[in-house]
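Common to both upcoming complexes is chain A, partnered first by chain B, then by chain C.
Then we have the complex of A and B:
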C-alpha cells in the first residue's frame, strides 16, 4: 500500500472528523472543564478546581426528582408514539394505493412549519379560550373551562406531535422491508390475517419499532421548548432546569454539570438499549 | 395426454372458466383445467402469460373475477386462504427468517392444532424425506439455497395438503443444483404421491418433470398434453415457437395425394408434409419443422447456402439461406462440419413437418 493509499481513508473521513471534533468533542470538553470551575455570582466563575458543582447535583434531591421525571415523561411519550405510530406506518407500508410517496410526503409536511409555531398552536386548542373548551361550553357539556394547557399531559401531547413522524418513518421502513411472500406463506399454512401479522409482521418490524422508541425517548428527554411553552413550572423537564441554571441564574459551572449529567444518562440508556437492539438487528438481517 | 388421464381417474383440482382481470388487463382468460390425483402438471409459458396468477388463485392469494375452482371435490374459490389446505412453495422460498427450521416446518401443523409430540415426529419425517436430517435448530440464513429450497418443500408437504403448488421453485438455484433438485423434487413427489402444479418458464424443466404440460400464453391455454406430445405435435404457432427451435415456413398447399401435401413455399421451393385430413389444395399454411429435423447434406430437394455455423461438440447449429428463406438446423456431425458459404442440400422428412392453418392452429 502506497502512502497515498494509506492517506485516502483519512482524507475521506477528515470532514466528518473535523466537524465532530469542533462541534461535539471540543464543546463537551470545555463543558467538562467548566463543571469543575467555581461559581462566584451570577455570570462570574473562578477558574479554580472544585467538585462543588458535582456534589450539589449528587446531594440535591431536586435534580434527581427532575431527572427521574424527565426519564418517565420521555418513556411515556415514546411508548405513546409507538402505539399511535405503528398503525399508520403499517397502513402506509401495506396500502395498495399507488401514490405511496404522497402519504410519506404528508408525514413530512408538518416539518415545513417551524417547530415552535406548531407547539404554540396547541395553546389555541387546549387553552381556556381554546377550541375544545369553547366547543364543550357552547354544547353545555361543561360549565367551567377544563384545565388542559400547562399540564404534563399537554407537554406529552406536544412532544408526540413533534416526534410521531420519526416513529412512523422508522416503523414504516422496517415493515416495508418485509417480504410479502412471508405473509402469504403464513396464510397458506393456516394463519388468519391477524395471526399472520402476529407471527410475521410484528416480530420482523420490531427492529424499526425499537429504533423509533429509542429515537423518540432521546429526543423527548432532551427537549425543553415544548415543556417551556405547554407546561407549567412543575412540568419542567431536565432541559428546562439546565436552561434556567444557565440563562436565569447565569450559573455556567452548574449548568455544565447538569448538561453532562443529561448527556451521560441518555448515552448510557442508548448504549444499553443498543446492545439489546443488536440482537433484533440480527433478526432483521436474516429477513433480507 | 391419454396416458396421463388413464393413470389418474380421480380429479384433484378442477378449474372451470376461471377469469381474472385487473381493470382492462386480463391476466387469465376463461381457463378450464382438470388435474388428476397424484398428477404432476406444469404450467409453462413466458412471464405474464397468467401461469402464476392461476397458481395464486388456487392458493387464494388473488381472487378470480369469474369461474370456479374445486380442490379435492370442494369448491374453494370462495373460502379464505387459511382454510384451503394447500401447500405453496415460493420462488424465493419465503422461509420465516426469525424462526428455526423446526418452527418453520412445524408452523402449519401448529395452526392445525396437531399435538406437540406428533409435530416433532412429523417434522423429523419431513426432514428425512428432503434428506436434511438433524437441522431442526438451524436458522434458514445458515443454510444454502438448495437446502432452504428443501426446507420450503418440507414445510409445504408436512401439512399433507390437497395439492402442492410450486411457483418457479428452481429458478433461484444455480445451474448444477437446479438439475439435481429437479430430479429430487420429482422423486419426492412420486414418493408422496401428491398432486402437484408446477409453474415455470423453463421448458427443459417442464419437459423433464411433468406428467402433463400446459402451455399458456396471454392468459389462455395454448395446448396441454404429455411433454412428448406438446414438443412433437405443437397445436399452435405459439407452442411451436416457444418450445425448442422451430422453422416456420409460410406457403400454400399445391396438391394433396397419397397422404402427402406438397407445399409451395413463398420462395418457390416445395416441401412435402404428412397431410392431415383437413388439408386441401390452395390453402395458405405454415410448415413447422424442428431445427433438429432439418437435415443438411449433399443431396436433397432444397438447395441452400450456409450463412453461419456454431460448433456445439456433438452437433452443430447452422443458419442456412434457402433462396430467401432462413432455415435453422441443429445436426449431428456425421463426416465433417459444413463451413460458412458452402452450398448444401436440405431434406425434411414429411412426417417431421407439421402444418398450421392461417389462424396459427395445427391442421387436423
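Then we have the complex of A and C:
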C-alpha cells in the first residue's frame, strides 16, 4: 500500500475528526480543566489545582438525589414513549396506505415549530384556565380546577411530546425491516394475528425499541427547558442544577464538574447499551 | 482555556512587575500580543471603524419597550447610531454572557443595582466613565449615586430608575384589609396554598424571609429562621416566576393570587384592567437600576447615549412608559403627577423612606445564600 493510499482514509476522515475535536473533545477538555479550578466568588475562579469540586459532588447527597431523580424521570419518560410510540410505528410500517410518506411527514411536522413554543403550549392546555380544566368545569365534572401544570407529570408529558417522534421513527425502521414472509409463514403455520405479532414482529423489532428507549432516555436525562417551563422548582432535573450552578451561582468549576458527571452517567448507559445491542441501531433509527 | 488579549497583557505586566520577566522579553511579548490583538481579534475591525451602533441588554417586556420607544428611537433619529438590543430574564445570565464574550461585545446593561454591580466589578468587566461627558448626571439623585461610588470611585454606571418589590394580590380573592393586616405573611399563609407565586431570586426570597420572621433584611440575626420561612413559602408556592412577563402571565391567568411583584409590572397589569392590587409592606424591598457601561465599549458613544437617556424629557417619558420612577432628583427636576403617584416614588430625593439592600452586607453573603436558596428551591 502506497503512502498516498495510507493517507487517504485519514484525509477523508479529517473533516469529521476536526469537527469532533473542536466541538466535542475540546469543550469536554476545557470543562475537565475547569472542574479542577477553585471557585473564588460569583463569576471568578482561581486557576489553581483543587479536587474540592469533585469532593463536593461525591460527598453531597443533594446531587446524588437529583442524579437518581433524573434517571428515574428519564426512565419513566422513555418507557411511556415506548408504550405510546409502538402502536403508531407498527401502524405506519404495516399500513397498506399508498401515501405512507404522508404519515411519516406528520411525524416530522412538530419539528417545524420551535421546541420552546411547543412546550409553552402545554401551559394553555394544562393550566387552571387551560383547555382541560375549562372543559371539565363547564361539563360539571369538577368544581375546582385540577392541578396539572407545574408538576412532575407535566414535565414527563412535555418530554413525551418532544421525544415521541424519535421513538416512533426507531421502532418504525425496525418493523419496516422485518421480512413480511416471516409473518406470512407464522400465520401459515397456524399462528393467530396476535401470536404472529408476539412471536415474530415484537422480538424482531426489539432492537429498534431498545434504540428508541436509549435515545429517549438520554435526551430526557439531559433535558433542561421542559422542567423549567412545565415543572415547579421541585421538579427540576440534573440539567437544571447545572444551569443554576453555572448561570445563577456563576460557579463554573462546580458546574463543569456536574456537567461531566451527567456526561459520564449517560456515557456509561450508552456504553452498556452498545455492549449488548450495538449503537448502530440508534444511528439507523435517526437516519430514517 | 481561552484568555482575552487584555488578560494576557495584564499577566505579562504582572510577571514583569514581579521580576519574572526581563524588560526585553516583556516588550517583545507585549508587542506580539498587541499585534495579535490588532490583526487577529474579530472585534478589532469594528473597534477601528466609526461606531454605527451601540449594544444594549435589558429586562425585555414593557420596561424595555418604553426605553426603546422613548430613548433609543429618538436617539437613533438624532445621531444615526443604532441601538442593538438583547434581553435577559435573570441578570446572572448576562453576567455569564459578558464573561464568555470579547470585551466590547456587550456594551450597556440595564443592571439591577448595587448587588450586581459588585459582580461586574469582581469579574473585571467594568469601565470608567468620564462624567464630564454626561452632564445630565447633575440631575441624578446623589443618594442613588453614592452606593456605587463607594464601590468604585470612578463610576462605570449611572443610576437610572428605582422601584420596589412589594406584594401583588388578586382583589377577587384577597381583600385590601386582609392584605394590609397580613402584609408579608400572606406569602406563608396556608389558606392560599397552591395559589401563591414568588420571584425565584435569592435576594427577594431572603428579603421576604427576613420580613416574615420580623427581622431586618440588612442585619439578619437568625438565618435559620429565614431559611425555615423560605421553605414554608416554597411548600405553598405554585410557581416561582423568573421574568416580568411570566409574573404578569401568572397573575393575569389567575394561576396565582398572591406573589411578590415588581411595582411597574403590576401597574402595567392594572392598566390592562386586571383585578390586581399592590402593597408595599413595611420594609418592602427597594431596588435601583443603573445603566452600566462595560469594559471595551465605545465609551464616547455609550456616554452620549446615557446622557441622552438622562435628559429630563427622555427620562420622564421612559419612567411613565415603564412605570418606574426615574433617578432624577425631584428637587432639581419637576416630575409629572403620574410619576409622583408611582409606588416607591420618593419626593424628597434622599431615598431615606425606602429600604435598599446594604451592598456590603449582601455582597458578603451573596455566594453562600445563592447556593442555599438554589437547594431549597429544589426541595433541599
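The criterion applied here is as follows: the second predicted complex is superposed on the first by the 277 of 288 C-alpha atoms of A that agree within 3 Å, B and C clash if a C-alpha of one lies under 4 Å from a C-alpha of the other, contacts with A are read in each partner's own complex, and residues count from 1 in each chain.
Following the convention adopted for this analysis, a contact is a pair of C-beta atoms (placed from the backbone, for glycine too) under 8 Å apart; a residue touches a chain by one contact, two chains touch by 3 or more.
Values in this document were obtained by computation on a predicted structure and should not be read as measured data.
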item: Joint occupancy of chain A by chain B and chain C, clash or fit; value: fit
item: Partner chain(s) touched by A:127 [first = chain B, second = chain C, both, neither]; value: second
item: Partner chain(s) touched by A:7 [first = chain B, second = chain C, both, neither]; value: neither
item: Which of chain B and chain C A:179 touches, first, second, both or neither; value: first
item: In the superposition, chain B vs chain C on chain A residues touched; value: C
item: Once both complexes are placed on the shared chain, angle at chain A toward chain B and chain C, C-alpha, multiple of 10 degrees; value: 150
item: Which superposed partner A:204 touches (first chain B, second chain C, both, neither); value: first
item: Contacts of A:232 with chain B and chain C, given as first, second, both or neither; value: second
item: Touched partner set for A:250, first chain B, second chain C, both or neither; value: second
item: Partner chain(s) touched by A:189 [first = chain B, second = chain C, both, neither]; value: first
item: Distance of closest approach, chain C and chain B, by C-alpha atoms in Å; value: 48
item: Set intersection of chain A contacts, chain C complex versus chain B complex; value: none
item: Chain A contact footprint on chain C (complex, rising order); value: 1, 90, 92-93, 95-96, 99, 119, 122-123, 194, 200, 234, 237-240, 253-255, 366-367, 370-371, 374-375, 377-380
item: Complex contacts: residues of chain B adjacent to chain A; value: 59-61, 80-82, 84, 86-88, 90, 92, 94-98, 107-108, 111-112, 139-141, 155, 159
item: Residues on chain A engaged by chain C in the complex (per definition of touch); value: 30, 33-34, 41-44, 47, 62, 66, 127-129, 147, 149-150, 232-234, 236, 240-241, 244-251
item: List of chain A residues in touch with chain B within their complex; value: 179, 181-182, 184-192, 195, 199-200, 203-204, 283, 285-287
